[in-house]
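Below: one structure in structure tokens.
Naming follows writing order (A, B, C and D), and every chain is counted from residue 1.
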Amino acid sequence: MMKLATIFKSRCNISTQLFNGNNSTQDVFGLHALMSCAGFSTFGQKESNNERIFAAYSVYKGKAALSAEPAPPKFCKLDSGGIRVKRQGYILLSFSPAVAERKYDWQRKQVFALSATEVGALIALGPNGSCEFFHDPAMQTSNAGQVRKSFSIRANPDGTGYFMSLNVVNNIAKTNDRFSLPITSAEFAVMRTSFSFALPHIMGWDRYSSQVPNFKEENSTKVGLKSLSSEWDR
Amino acid sequence: MMKLATIFKSRCNISTQLFNGNNSTQDVFGLHALMSCAGFSTFGQKESNNERIFAAYSVYKGKAALSAEPAPPKFCKLDSGGIRVKRQGYILLSFSPAVAERKYDWQRKQVFALSATEVGALIALGPNGSCEFFHDPAMQTSNAGQVRKSFSIRANPDGTGYFMSLNVVNNIAKTNDRFSLPITSAEFAVMRTSFSFALPHIMGWDRYSSQVPNFKEENSTKVGLKSLSSEWDR
Amino acid sequence: MMKLATIFKSRCNISTQLFNGNNSTQDVFGLHALMSCAGFSTFGQKESNNERIFAAYSVYKGKAALSAEPAPPKFCKLDSGGIRVKRQGYILLSFSPAVAERKYDWQRKQVFALSATEVGALIALGPNGSCEFFHDPAMQTSNAGQVRKSFSIRANPDGTGYFMSLNVVNNIAKTNDRFSLPITSAEFAVMRTSFSFALPHIMGWDRYSSQVPNFKEENSTKVGLKSLSSEWDR
Amino acid sequence: MMKLATIFKSRCNISTQLFNGNNSTQDVFGLHALMSCAGFSTFGQKESNNERIFAAYSVYKGKAALSAEPAPPKFCKLDSGGIRVKRQGYILLSFSPAVAERKYDWQRKQVFALSATEVGALIALGPNGSCEFFHDPAMQTSNAGQVRKSFSIRANPDGTGYFMSLNVVNNIAKTNDRFSLPITSAEFAVMRTSFSFALPHIMGWDRYSSQVPNFKEENSTKVGLKSLSSEWDR
């Protein structure tokens, strides 16, 4: 049984992104504001080649419906050239309650955004595994601690699948929502495969592979050892 | 042993697609007609960059031949912008009977379209696993219940592979077709790998990753916590 | 232990490709000549966007060197529109003998082309598994039976990796070449991962996913059940 | 337990790349200078479609921080046409020491570049596995043997994850740096999945799949066996 309790520090994770290779000693949380960065978004643009995609994988059960779809990362253009992940992507899970047979109330839906590491926990689940994640969407604001979300996956004892549950306690709105639905082995296999596909994309690693070779044709010089030495100094 | 019996509600699955994020309480089956949607198809177009692809993976055995190829999803352009999956993709299995040694009668072929979840069941099969799916291609029409298709995969007891079978009972045409052929471990490994590759594509999840970043260069403002807060309100 | 003996019928496999969906009763080997097809090649073109790629994965051991690289399929344009796989891709293994320490004689290299199914056998090998394939590169020519190639993979008893061997008996040239080299678990993991990546590509399945949606904006009609019925008649 | 000790011969691996299919008997290390090659780089270009990407996957623990990101291969254009991998890609691991709670000193970071085979070892690690790699970044220079790096991964006895360590002994600078941090099962799953995704790309195998078919429409001749014979002579 694998049990994970991860406090998802949203702003913490974003802040830590800003330090890669640009400063020496840095507080993981602070000082990121000093880095000037021209931002842009890949998500939700109305540009012809940046349209919002609706292709969620949905599962409809007796008590609730669950949808999953990836959200790509947001990039930022650095003054020194190059682009950086400004905000990590995630896989968004949406839970909606059933109000009657095959009827669901989408206005009462609750969402939970799986980070890359939480996706890693899910895809690595064994047939008897379980994991649980806790989010405070209002962390580091004045409402910190007022809203608490917990998402869990538990294997069925007979190995026929899993139960996925989301619980949202909102002390401001005085609400307590709980959603729970069974996920068959086949449905979990779809999630495992599609989440594994999406993971490098929500991390931005697909950007590394799309670089077109620059066919700068230099003089036909002999390729010797010398021209390679500087690249291996470490 | 894993046994799955899934009633494939074709129109049900399509109808449910139409509700993602657009309405509150919705009957999963009805009311989808109220959503206006400019449709287009990625499949079978005669456009130069949308040509029909013929690249099925085929297996030829003594009693039958089996081909498998993916069919991409169909997209729909929303009035509010963005594109939506109008119809899920699938993996089409085609069975044809042998009439003589290495001769097959393609005119008597029967097909079975694996949904994303059914593909999940197949790729998750253990070495001793089995699964079975039932389709009524005429569901929700006047011919509902008249045609019944069942596709099954059963592991060989000695672990050398699987048997795949398709049975089609057609009460209108008064026919009963049965196809069965052995699949070696190697052939199943090809299916498992290529179906796993195809699965995110038939779900439309490859569309999420092809978004080109919009390099809108804003003023070089400092990236602070404030500009990120609205994205995390949930 | 998994042992596979596959007679690689090159022309057989190509002939069978020509029958998908175009004829009814067909001899798997004959009558393919009746199908007109405008051919083109994706391999070895001198076009700027079709350059030959040299990126083999190579392993250098005491007695032999082994290289592996994928060869994409060749496509054919059909008169009725669409493109078809004219010839399957494969993964080419090249063996060269060592003549001295870290010196290899590439002029004496021998090759073995793994078909999609043979790649499936390799990637599905368990830690104690083995498999063997037999090819006659001159099959169905006047030299049939004169050249015999056999490629085998055998697991080391201690689980530290595999031995890969190629034997080529050429009765015309009166030669008998044998190559054998150890492959560590790490090197096999590279092959398993890169061959799994390449498999859908050598099958041509990556062509299915690259179809750009045709944004034909029809009148904003309501999407009802009626427009979908014809697609599900089977 | 799987233990790997690999001496990473950087220049050796690069030299060996230069011999694929171009010469007969070749010293793996020498004579590569005779091959003229117009070089270009896909890495670090300032071209608009070749910008440097910053999307490392980072893990922050009590004593150290670890980042991982892929570095694409460098290509070279051959006089005879085609492109060749001039230098293999790798996955760069960066370790930085913690100086206070959630504060890391990036100026004291040390790096370790995993080759394709070393990535293979990592992704193939079992739940109880371990592996270790040794690098001499100054190999085959006058400073050979002066700097010694060792990177190791060891499974936790209770199966909750791994410990990753990097030790750098620099006899020139008289320094001895040691970094060690725990990696949870979820974090390792992210690495296994993202490294498996990156592996074909750092090998250059993604270049094989991006070839656009050249629709040279020949006369609609019948496709017979004759036109295919030459392709199978081996």
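As a convention for this text, a contact is a pair of C-beta atoms (placed from the backbone, for glycine too) under 8 Å apart; a residue touches a chain by one contact, two chains touch by 3 or more.
Note that the coordinates shown come from a computational prediction; the quantities given were computed from them, not determined experimentally.
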Original post:
By label order, what chains touch chain C and chain D together?
Top reply: none
Subject >> Chain of greatest Cα-centre distance to chain B >> reply: D
Subject >> Interface sides of chain B and chain C: same vs different residues, half threshold >> reply: different
**OP:** Mind checking the centre-to-centre distance between chain A and chain C? Centres are C-alpha means, answer in whole Å.
**Re:** 36
Subject >> Chain centre separation (chain A, chain B; CA means) in Å >> reply: 25
**OP:** Can you tell me which residues of chain B touch two or more of the remaining chains?
**Re:** 83
Original post:
If each chain is a node and each touching pair an edge, is that a line, ring, star, complete or other?
Top reply: ring
Subject >> Set of all touching chain pairs, with the criterion as stated earlier >> reply: A-B, A-D, B-C, C-D
Subject >> Partner chain D, residues of chain C touching it in the complex >> reply: 10-11, 14, 18, 32-43, 45-47, 49-58, 60, 67, 69-70, 72, 75-77, 79, 83, 86-87, 99, 102-107, 111, 113, 137-138, 140-141, 160, 184-190, 193-194, 197-198, 201, 206
**OP:** Please name which positions on chain C make contact with chain B in the complex.
**Re:** 2, 4, 6, 16-17, 19-29, 73, 78, 81-85, 116-121, 123-124, 131, 196, 199-200, 203-205, 207-209, 211-225, 227-229, 231-234
